[in-house]
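Labels run A, B and C following the written order; every chain starts at residue 1.
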Amino acid sequence: MRQLPWVSLGIILAMVFVAVFAPVLTAHSPINQTLSDKLIPPFWEDGGTTKYILGTDIFGRDVLTRMFYGARVSLIVTALALLVGGGIGLLIGIVSGYVGGRLDSVLMRFVDAAIAFPAILFALLLAVTMGQGLRTLIIAISVLLWAGFARVVRGEVLALKQRDFVALAKVHGCSPARIMATHILPNVLNTFMVLVTLHVGIVIVAEASLSFLGAGIPPPTPSWGLMVAEGRGKIASAWWLSLIPGIAITLVVLAFNLFGDWLRDRLDPKLRQL
Amino acid sequence: MDAETVLEVRDLHTHFFLRRGVVKAVDGVSFSLRRGEVLGLVGESGCGKSVTALSVLRLLPQDAARTVRGEVILEGEDLLAKSAREMRQIRGRKIAMILQDPQTSLNPVFTIGNQLCEAIARLHPGNRRTLLQRAIDVLRRVKLAAPEQRVGQYPHQMSGGMKQRVVGAIAISCEPRVMIADEPTTALDVTIQLQYLNLLKELQKNTDMAMLFITHDFGVVARMCDRVAVMYAGRIVESGSVRQVFDKPAHPYTQALIASVPKMKQQVGRLHTIEGQPPALSELPVGCRFAPRCQYAEERCRTTYPSTFTVEREHTADCWRLESV
Amino acid sequence: MRRFILQRLLQGVVLVVMVATIVFFLGRLTGNPADMILPEDASEEDRQEMIKTLGLDGPLHVQFFIFMKNALQGDLGLSIRYRQPASEIFFSRLPNTLKLVPVAMLIAILMAIPLGILSALRRGSITDRVSGTIAVLGIATPNFWLGILLIYIFSVQLGWLPSARMGGFSHYVLPTITLGTFLVAGFMRLIRSSMLEILDSEFVKLARIKGLSEWVVVWKHCLRNALIPVLTLWGVFMGGLVTGAIVTETVFAWPGIGRLTYEAVIFRDFPLLQAVIIMDAVLVLFINLLVDILYAYIDPRIRFS
């Protein structure tokens, strides 16, 4: 137990906690405007008050509340994107690796192309053509993820399919689909889990960046990236609007990265070069 | 120590300090090398042979391993007492080494000429042309065909056998007093192993070098070596001239090893093997380390490590069975 | 080597074509492509003309053909906002980005190589830990926020450096640091891990056996081998660079193609965005090809194969 990365784990759990319990933890609304209370600094500064611990923005909305709800957005987007993108990558990796041959070559070409292309451009394009929103965001980030997952999983599968238990299954007449599902899949789950944790940070930053650029979840829903963007114009007078959400993003990503590294070292040190 | 002895290792102890404990890779090894002589160091994988060689050169992985005791006397001076800078002067000049795997011994991004000249330049600094000429000469000595072309080539453009010759060239280019060959033919194709061994033997004879030949193959020992030391679980259990040890192997382990080498003229029902495994070097037994696998083992063997007994002149073995002799 | 380069070139071309295809399809997805391409105040006449020129009332493959034909001639549509050919606008802004990005990369490389090597050589030491921490932080900090933070500290509070737009030397400092940070962190980790691997290799052992000084062993034998993975992973870094450029230029109001991308998104200027993406793909292809040539040159296993 001593070996667990406590600080990272603590930050992660804290984030999950505030995201889940946001409505209970704060009485303010994240989107209702109270223009009379606008631009109040955090409570430790002059003019601050404990009513709005981290201050308010230009619409008088409590920053802390919006941070909590923003955590929700980050977690939901991350979970969904990892599920979809990671899931697709897992599937393609297994099929491509196991089936091999022409299918593998063709799929890997796509993977190489996908990895080579800066995904953010694609995400921006989606936002403009399909409109901003959760669905667009998930699709965009999934596209960012799937290729990396597919490539690594495929590598694992290539090694696995040489193993004796696969040969044995074939001898017993198992169909390829069955082998993939019951023999290959459980053995790549380790790698998959590590990949997922290592990519959480990337997804969170991707979502934040897209929101910052105006291509993420549309306002008034709070998202940490959006909050940084909104506060940018007032950086000289209201520093807390941009800087505080940014600190949150950095801390959370740091925590997930460190946790991911720890998990990788425990479960699958071969992935060290990632 | 007589005037002929070039290298003498006394009571060498090298330990590896790992997370799971201390591994005593070399646990009290002593031997001596005379000028013009080839000493074979034989044993199974993991018995400590390579670590012994690295200890002599003081090239152990610094954070994990350390030579904790002993002396390594090269021409009268203790290498273990030398500073890092002094050791560097000795490596590549007085002692040279050939590593096992030719595929990985050479740097893939430099030509072999470059890597060879690098070694030569240490002893004979000169301009590029003279260095290259010397390099070509050395390559000829190791019987590498078309050396003028080879100097401009990269390692991946040559076969394993050719690369190993280059590695040999690098080693002899400095005219060392001592050459250590760590399983030089293990990674080569069987068809060229013999050629390479003959080359090494010839080089050794011509230069009167002392050679420490590390191998797990008794057949190679018979071909290459004058004397042999058999190593087991970190210690030398028998040593003597090749003739002595082959004709009258005294230690049960040596006997088993020799018996395991299939002879072409024999009729065998089953190939002879040695039951069991060597002990883990982190958990060495108190008594004789071969006792668990030895058919002659007695109570005393398990409780006390055998002393060294003389079988004949210059032929010793560590086995209780020899006490009565 | 020639085959290698040609292969990469082909891959790149295929990539650009794929990108163009995807862009094309996304543009036609919405069902009202004409509206996406035209400004709001366009007359019905203009609309009809556009539909005819682009074949929007015809079958899809014809549209695609027209699209490709135009693209190859450099015609990527008219920007809604600027009312100018999108490709022209792209090329007018490109030089500004080209002034920013190479500087950032150079800084990143100059910092990452020594730090990465030192970290590997002094593994576990203070140097290693501090560098490691900087690297980890560098990767975790979102690019856009770093820029804003730096502006806050150095422009707002300290007043030392300007916060926006191009200009003299002082204008370059913050943007290049912002853009370069992510690169430094990534490079450094890569060089460190690659060095560690190489330090363990047999040819390094042989170099030491030859009695070469540590200096030569590290700088001659290790470094060149350590840089090879950096080059092979270059494509991944490119992606980060493009993203970084968009965000950094936006934060610092730097008039380059990154900022142009942002504007295209904010103003929903589809033709401009379309053009930027395709031109970006071409640019990425070009740079990747250069890196591939460099890689092929450095690694003799590719050069003579």
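The criterion applied here is as follows: contacts are C-beta pairs under 8 Å (C-beta built on N, C-alpha and C of every residue); 3 or more make two chains touch, one makes a residue touch a chain.
Because the structure is predicted, anything quoted here is derived from the model rather than measured.
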Query raised in the report: Which is the least count of steps on a path of touching chains running from chain A to chain B?
Result: 2
Report summary line: Greatest Cα-centre separation from chain C belongs to chain B
Report task. Report which interface contains more C-beta contacts, comparing B-C against A-C. Result -> A-C
Query raised in the report: Taking each chain's centre as its mean C-alpha position, how far apart are chain A and chain B in Å?
Result: 54
Query - Averaged-CA centre spacing for the pair chain C and chain B, given as whole angstrom - result: 52
Query raised in the report: Between chain A and chain C, what is the gap in Å from one C-alpha centre to the other?
Result: 21
Report summary line: In their shared complex, chain B is touched by residues of chain C numbered 123-124, 201-203, 205-213, 216, 221, 224-225, 228, 298-301, 304-305
Report summary line: chain A partner, complex, touching residues on chain C are 11, 14-15, 18-19, 22-23, 26-27, 29-30, 36, 136-137, 139-145, 148-149, 151-152, 156, 193, 229, 235-236, 238-239, 242-243, 246-247, 250-251, 261-262, 264-266, 268, 270, 273-274, 276-277, 280-281, 284, 288
Query raised in the report: Hey, which residues of chain A end up touching chain C in the complex?
Result: 109, 112-113, 115-122, 124-130, 201, 205, 208-209, 212-215, 225, 228-229, 232, 235-236, 239, 242-243, 245-246, 249-250, 253-254, 257-258, 272-273
Report summary line: Within the complex, chain C is touched by chain B residues 57, 59, 63, 88-93, 96-97, 99, 101, 104-111, 118-119, 122, 154, 156-157, 167, 170
